[in-house]
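A, B, C and D are the chain letters, set down in written order, and residue numbers restart from 1 in every chain.
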Amino acid sequence: MSRKPYHREVSKTTWFLKQSRYQHYMLHEISSVFVAIYVGVLIVGLFRLAQGPEAWSGWLAAVTSPIGVIFHILVFIFSIIHTTSWFKAVPQAMRIQRGEEIVPGNLIIGAHYGVWAVVSVVVLLVAGVA
Amino acid sequence: MKVVNTDIVIIGAGGAGLRAAIAVAEADPTLNIALVSKVYPMRSHTCAAEGGAAGVVKESDSLDYHFNDTVSGGDWLTDQDAVELFVNEIPKELTQLEHWGCPWSREDTGKVAVRPFGGMKIMRTWYAADKTGFHMLHTLFQTSLKYSSIRRFDEFYTTDLMIDDGVCRGCTAIEMRSGEMTLFLGKTVIICSGGAGRIFPFTTNGAIKTGDGMAMAYRAGVPLKDMEFVQYHPTGLPGSGILLTEGCRGEGGLLVNKDGYRYLQDYDLGPPDPWPRLKAMELGPRDRLSQAFYHEQKKGRTIPSKWGDVVHLDMRHLGEKKINERLPLVRDLSRSYVGADPVTDLVPVRPVVHYMMGGIHTDINAATPMSGLYAAGECACVSINGANRLGSNSLGELLVFGARAGRHAVEYVKTVGTLEGDARIEKQAGDAESRIKSLFKRTGGKQRVAALRRDMNMTLEEGCGIYRDENSLIDTCTRIADVRARYRDVRLEDKSNVYNTDLYQTLELGAMIEVAQTVAISALQRKESRGAHQRLDFTARDDENYLKHTMAFYNPNGDPRIDYADVTITKSQPAARVYGGAAA
Amino acid sequence: MARSAKAVPWFLFAAGGTVIAFILPVMIFITGIAPAIGLFGDALSYETMHAFVGNWLIKLILLGIIVLAAWHAAHRLRVCAHDFGIRADGAVSIVVYGLAAIASAATVVALLMI
Amino acid sequence: MSERQIELEVLRYRPEMDDKPFFQTYSVPCQEEWVVLDALNYVKDEMDRTLSYRWSCHMFVCGSCGMAINGEPKLACKAFLRDYQTKIRIEPLSNFPIERDLVIVQDDFIEKLESVKPYIIPKQEKPIDQGEYLQTPAQLKAYKQYSMCINCLLCYSACPQYALEEKFIGPAALALAHRYNMDSRDVGRSAREHVVASHDGIWACSFVGACSQVCPKDVDPAGAIQQVKFTSAVDYLTSFLPGGKR
């Protein structure tokens, strides 16, 4: 047999460094780490709230500490990454056909951004900030 | 040598080969099929067909109309029994393909849509946007996966037919990835190896269309029929030779010369209606349109470009929506390759070699004169195309005759019982293998594949193009004979076994040279003008002497022997071909 | 081959991804950034918050967001682990989905306590 | 005519001579309007007959000529030299074993394609003489995009999950399954489900999306896969309801 196919190895741990496309993907995958921690922080906050004023202000103090702020800025950035990449993918995952026309992706994405803006404003109003 | 025992060997897995394989599998699931192809089935050149496949379905149409269009389109060189059978069977074949999932374009009612095509009196060309062949090929390939009796041998290059006592019993093929010679031993062979447009330098045909099957049958003693009829398609992109489908004109595209004038009206194809009139102007037959280009060029009314003279295809009035919906590939190709967007620009085009009307001589059952050997698709000549094929008839042809080849091969296998002589065939296969080995061993060969190929290409283009004459043809024949002699001293530069494309190109060149020789000699001997064969020295059709099929027989040491066979005429007597306003 | 049970967590992942895409940025802003820059004044005081979260409707909404976010993150972490070359998918699943389940339960408890 | 000298750095691998691939550089006089495939053909004809690669149609429809050009999976007949600098690096498609030079081994893909039953599974056979199935332009549109795949394998070459998990059925085959699922003439979805919705089917895709970015035919396999995930997830969950199909 003269055949001797050559197999190129792909590193199982560093493959995503090879292409900017993969780096972007990893960036939104990693957002989950921050979301997870944030969920933890929230749950702790709820417990603290249940435990009374002191516990709650302790939690607030932690959140507003430099480390807390840095962490939240990071989470915020990653949540924006998550939102934008998620919206970008929606037309692919959810193709809408009206008769012979496929609803243009930009329209769907635009609608999502619109809803996002409305939701954010409403939440801010409810929270009494604005 | 590896031996594959089977019942039916099919060489080629394009539209015709796949259709034949499915026909066999459906007719008799117990028969083993070896489907041998030098490329993966979906790479076969059927995928390049854009425009569509003709078949009568609409109320206003009739089988007789399709028959008449095809016979007169072929300048009465068609065999009318074959055409009749063809027009009868094609609607069923196209419907069958629909049932198998082919994404035909549709009318609002859900029925299949049809579009006008050159030389057709009525709109009857089924299409799948402008990727008809692609969708047909993939539908056939994917459907073929249902049948467990079809065993594929992808990327096996067939070199020779195995013939014992005048009966075809199989073939030898090289597994391209290992270089290993394999003997396919069966009871019958169907050749579906496609056309040979690559013998010309400027062609719409892909790299694989090198006439291998034609040459194999020819070398085995089966005649090649009507090889002088080579179709030029009027609208190829200059430079690359990429085709812009006749569908462009079917949808309303116009051909204009350097003055913006619709020159076809000067060649008995008028009146120049602004709408597409069937069988007139841009919807005339391909031979006439390509010939008109030649004359415009002689009159200096074409447009010079860096890739040679062109005329313009004007589709701007069709509008972006229609172009995107019906001709998306055309738009993509013209933008990419010549930087012209059909929506806003004139697209430069010129005639380009497209299709071989001729091929392996078969009867209406796709049987060749040799027992056990069938042929179908572009490699075969039944003949339904005569002197000029109408656009959209060949996709139909490969279905109808591919299926017939399959079914008749099954019948044939049932009659032959067990065959003797396997040992003799193995010896033959050994000889075939040593011939290849000797190519490897040859040292000091002086001839280069690329150079020989270029010489053959240029000779054919110069002497055997849209118009030919005695002098040009004699010159071409001499030069091809010379190329053929030099080929014996060709040098193989790559001596390896694994995927040696140098070897396959060398073998393909060998096949092309044989085919090219039959084209030139057949053309030289036909002293008349008919369809795609136009002689400057014999400008009229001569039914008295040449209402006949040319038969070219192999001669290992010289020019092919030319003989003639009768044309079958049933209900349509030869008459003048009429296009333009008078055709209505 | 069998159909994969990955369909279930994927559903939660997809639903969670959508919900948090809309809501998480503004929530993070309110709970994590606004207090630090003092945008809030009284809104985050214990009384206001306690009253606010005490509302059943708000409890339900918060529960939905937190649980979906947890499962979304869990599923994505499982994929992440694979992408970083950790091939013990079974063990990883137990850990991440286990954590998501604990988080879900904890949220319920916390909300009930308020 | 304007000529341009291009440096082609081609990854060579001749299994009978080499232990591992190496780059070989060819300096090729090119025409301005050429594609990379034309440059390779020039090398083959005029400089080095031993270079092997696949091609046929030269019009981006046969799917033969996929290769990595400057690291990006491309069809060589659709990669115009005008879009490149003087140096162009050409390698065989990644994620596949190299048979030789630019020729890759594609058996794995063919097997996967076969595994998803890519053909119409009708409710019941309709006799040919009853004519075609009716299918409105809207019904055609529902699957048309997914029927455009030329099996060029660029998507497999771009997909990291295929690189990491060789059992993954992969983008093109899954898109093709979706094509038949979405066809109004087909009822084969549940027959395909056991492969398509298996661990190595859609669930091995993490929606990297690279497949759709490199696809020369805008098939959008990434979208197809996510759509299948949704319907399969619904199927899976409802299969536990009374009357649900397992």
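Keep in mind that, in the parts below, a contact is a pair of C-beta atoms (placed from the backbone, for glycine too) under 8 Å apart; a residue touches a chain by one contact, two chains touch by 3 or more.
These numbers come from a predicted model, not from an experiment.
Peer 1: Looking at C-D and A-C, which one has the bigger number of contacting C-beta pairs?
Peer 2: Top pair by contacting C-beta pairs is A-C.
Peer 1: Can you tell me which chain is nearest the middle of the complex, judged by mean CA position?
Peer 2: Per-chain C-alpha centroids compared to the overall one single out D.
Peer 1: Report the inter-chain centroid distance for subunit C and subunit D in whole angstrom, where each centroid is the mean of the CA atoms.
Peer 2: Comparing mean C-alpha positions, subunit D is 37 Å from subunit C.
Peer 1: Where the CA atoms of subunit A average out and where those of subunit C average out, how many Å apart are those spots?
Peer 2: 11
Peer 1: Find the geometric centre of each of subunit B and subunit C from their Cα atoms only, then give the gap between the two centres in Å, rounded to an integer.
Peer 2: Result: the chain centres lie 63 Å from each other.
Peer 1: So, what's the distance in Å between the C-alpha centres of subunit D and subunit B?
Peer 2: Centre separation, subunit B to subunit D: 27 Å.
Peer 1: Can you list the residues of subunit D that touch 2 or more other chains?
Peer 2: In subunit D, residues 15-16, 99, 105, 137, 160, 164, 206, 229-230 touch at least two other chains, as defined above.
Peer 1: Indicate the residues of subunit C shared as contacts by at least two other chains.
Peer 2: 79, 83
Peer 1: Scan subunit B for residues touching two or more other chains and write them down.
Peer 2: In subunit B, residues 177, 496-498 touch at least two other chains, as defined above.
Peer 1: Following the definition at the start, I'd like every touching pair of chains, please.
Peer 2: A-B, A-C, A-D, B-D, C-D
Peer 1: Once bound in the complex, which stretches of subunit A touch subunit D?
Peer 2: 2-8, 10, 12, 15-16, 19, 21-22, 25, 29, 89, 91-95, 97, 99-102
Peer 1: Enumerate the contact residues on subunit C facing subunit A in the complex.
Peer 2: 17-18, 20-36, 39-40, 43-44, 46, 48-50, 53, 62, 66, 69-70, 72-74, 76-77, 79-80, 83-85, 87, 99, 103, 106-107, 110-111, 113-114
Peer 1: Enumerate the contact residues on subunit B facing subunit D in the complex.
Peer 2: Where subunit B meets subunit D, its residues are 39-40, 42-45, 47-48, 92, 95-96, 98-101, 103-112, 131, 134-135, 138, 142-143, 145-146, 154, 177, 206-208, 239-240, 242-243, 306, 329, 332-333, 336-337, 449-450, 493-494, 496-502, 505.
Peer 1: How about subunit A: which of its residues touch subunit C in the complex?
Peer 2: Residues of subunit A touching subunit C: 11-13, 16, 26, 29-33, 35-36, 38-43, 45-47, 49-50, 52-53, 56-57, 60, 63-64, 68-69, 71-73, 75-76, 79-80, 82-83, 86-87, 112, 115-116, 119-120, 123-124, 127-129.
Peer 1: Going by the contact rule set out above, which residues of subunit D touch subunit C in the complex?
Peer 2: Listed in rising order, the residues of subunit D that touch subunit C are 160, 164, 193-195, 197-201, 203, 206, 229-230, 232-233, 235-237.
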